[in-house]
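Pasting the structures here.
Look at the two complexes coming up: chain A is in both, with chain B in one and chain C in the other.
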Partner chain A sequence: MSEEEQQIPPEDANAPINVKVVSATGDEVFFKIKRSTKLSKLQGAYANKVGKDVNSIRFLYDGARISDTDTPASLDMEDNDTIDVMVEQVGGCVPCSS
Partner chain B sequence: WKELAAIRSRQNTWRQSLASLFTTASTVKDADLVEIAHQAESAISELEWGGRVQVVFPSTETAILASYCTKEWLSDNHMVHYISWLTEELCQNLCTEKVVFCDSFFLELVCRAYNAREEYLTDIKLYGWLHQAAQKLVTGENAELATFANPGGVHWTPVVLNFMKKSITYADSFAPGQRAEMEPRLKEALEWWTFLHTGEEFTYEEMAIGSQDDSWNCAIFAGNALAHRYLPVQNPLIRSRDGATKQRLELLLWVVRKEN
Partner chain C sequence: MSEMPEAIIAQEFNSLPNQGDPQVYHSFQLYVKELCRIADFFRIIEKNIRLCITRHETPPSDGTVLMIVLNLQRVWKYTLELKANTECTLFQTLDLHPAGTAEILRSIMMPLSKTFEVKLHHISPASFKTLGVGQWLDDEIINYFVEKWCSKSQSTLGFNTWFMEMLCARVKIQNGVLTLEDSKTVQRWCYSAEKSQGLVKWDCVFIPINEFNTHWYLALINFVTKRIEIYDSLAVVYFANRRRPVESRKNTNLMLVLMWLSEVLGRIRGEEVQLMNDFATEWQCDPHVEVPFQPNCFDCGVHVLWHLQHVLQFGTVQNDCVSPRWKFSSDMIGKRLRLAQEILDDCSL
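After this line comes the complex of A and B, so read on.
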């Protein structure tokens, strides 16, 4: 191994990554977050930014819901990855007539 | 004061659910339902009302369980419980169908992919998981994909995709036996996704479902239709309002017992 190669620092496992949160209407909000930070913090910040109750929206990564304890590291997220945000779904009575 | 207000609000939610259970237990004639209502009362009294349900992924606030005792509309978080219960039921009953139950947002994500069709083909990082889901259906690793649609944001209906039979099976508890039509935007997105991965047009089939005659139990009828599809003996179609109420409470008891 050359001297030059030895001087390259190993990749910081906790280096911040950029994450894009995309809403159903296509609106995008960008966050920079450490890989060890719980995504619940990002969820709270997003809800604040768009003025919604965090309990009324859902966050999904790769088609699966993000749980309170998930972090970018636990989900193997990479820089510039996208999180989908969805509005809570409810259902009870009105038949689909469309 | 904010914390106290939150506690008060939760207490009220649970009080209402207990009152509703009491009404159910004292008015219905179905002895099984009365028994389940009593069991639910006792289960709720042992529950930490302000906590979170941790046993079902993803965790949800315990307070949402109160909705099972009332006539409140059920949300996607309740459907998470239903999907977990269905998965466990199939496993315990040694069902040989290779069915994968997907989150109620699955179809919305297919719609999102449909609205970004070029990206879907080029951005594997963003849509790799959806390509994989299709691949598993194409190869037969998963025989069927079952999930819930939420047409108009007000109603729950069951949907099953079968890539081997090239079929989309659908039902609506307000129109059982009437070849219910799927929401157009959903239909368009599903037809695009299924054709893209198979090169063939899918046909529509009708799923057996109970007939809903109330304004709050569509989630239960939709879940029961899926349970009946895979385990018909253990899960006969719900035929009455009391039957739906019973199923709501059984779902509540399932979650609470797992939690305790």
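After this line comes the complex of A and C, so read on.
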């Protein structure tokens, strides 16, 4: 058993996985990314693709913020997993008309 | 040593003048930090002495050691009391002098670049500046405090500001229907929040809500009192809602989502919560709890954080709270300064 388990990682470690980035409006963008690649790279690519400043969008995996040093491996991501992308939020009040 | 140990501390720390002035503010800050340091110091000495006593087979019989320990305890308690009182004086002063407080807030926000070289979670200088005079708070600030304060709470789980946005977006996309898939998503977000806040069990769930990127308010689900409440610091919304029939009230649809959510979260807690199709349910929903209202058009984010302070301290929002530490003020500028100071203090660690 333990020998088998040990044999899997070297093959899997750098195999690319498919990641789906989904916005709150339901728009999906697909990426193929190596498990050891930093997700900050994907964040930059996504921001570029949708034409947004990367600092104005937030990437979440299972609701937890993805930080610049995270990789699919460090987050234990699996093939076809989803990353939610949310837009920066601010608030002070609503217009009185509502 | 026989004179009142409190007097010795009191002698060293004369009371400070009550003014909203940066110089005085910084003296207060130093004073409070020094009191913290001294309190810790007394605590450590006392603990060490206690440890020594347990290791000695025959402790001195004349009671000197005991008296020292008791005195150390007294001084420790007194130092903490003095620290709390000093803070209260400061907080009261800040609330009483909004113009002076605004000046202090501006002054502590100036030399930013160095402090933020060490990035605190996701708070960038731009996010930090949303705590400034008259600014709209951003998601990073709200999420930072929700996570930090709930981590210390033992019983209140805080969701981040994107949680409700995600859920409401699903409702919209799916034409008002939430599915089993959505409850699995909630479960995953819930586990992430539990993990980041180090909570195994919780009785209360705090959910900050952003509306159209213009307004902050919140929902609270309490599994002990069996209540779902929505707190909104905008008086207009509160009064308009009370007048309308239920079906056209602002938070009716949101309340339906919260009811569904309470059932899902109930299952995660291992209890059966039946709300949606049970007319005899014990649960009560209040879509517009009366809370202190914001008299301006920029403080709702600060109100949301202050609601959380009250929830963690008292279990609910206390409108008539008089303690300078907790009470709401018409202008939340003093609270903005305290929040900004808390971030700066956390940064320097």
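Note that the second predicted complex is superposed on the first by the 82 of 98 C-alpha atoms of A that agree within 3 Å, B and C clash if a C-alpha of one lies under 4 Å from a C-alpha of the other, contacts with A are read in each partner's own complex, and residues count from 1 in each chain.
Convention: a residue touches a chain if its C-beta (ideal position, glycine included) is under 8 Å from a C-beta of that chain, and two chains touch if they have at least 3 such contacts.
As the structure is a prediction and not an experimental result, all values here were calculated from the model.
Student: Kindly classify A:T25 by the partners it touches after superposition: chain B alone (first), chain C alone (second), both, or neither?
Tutor: second
Student: Is A:V90 touching anything from chain B or chain C once the two structures are fitted on A? First, second, both or neither.
Tutor: Touch status of A:V90: both partners.
Student: Give one of first, second, both or neither to describe whether A:I66 is in contact with chain B, with chain C, with both, or with none.
Tutor: first
Student: Looking at A:D81 after the superposition, I want to know if it touches chain B, chain C, both of them or none. Which is it: first, second, both, neither?
Tutor: first
Student: For A:V50, select first, second, both or neither according to whether it touches chain B, chain C, the two together, or no partner.
Tutor: Neither chain B nor chain C is touched by A:V50.
Student: Does the superposition put A:R58 against chain B (first), chain C (second), both, or neither?
Tutor: both
Student: In the superposed view, which residues of chain A touch chain B and also chain C?
Tutor: Common interface on chain A, chain B vs chain C: 24, 55, 58, 60, 62-65, 67, 84, 86-96, 98.
Student: Which residues of chain C touch chain A in their complex?
Tutor: It comes out as residues 121-122, 124, 126, 130, 135-139, 143, 159-163, 165-166, 169, 173, 188-193, 195-196, 210-216, 234, 236-237, 294, 296-301.
Student: How about chain B: which of its residues touch chain A in the complex?
Tutor: Touching chain A from chain B are residues 52, 57-59, 61, 72-77, 79-80, 102-106, 108-109, 112, 125-126, 128-130, 133, 150-157, 172, 174-175, 180-184, 214-219, 222.
Student: What residues on chain A touch chain C, complex-wise?
Tutor: Residues 24-26, 55, 58, 60, 62-65, 67, 84, 86-96, 98.
Student: Could you pull out which chain A residues touch chain B in their complex?
Tutor: 24, 55, 58, 60, 62-68, 78, 81-82, 84, 86-96, 98
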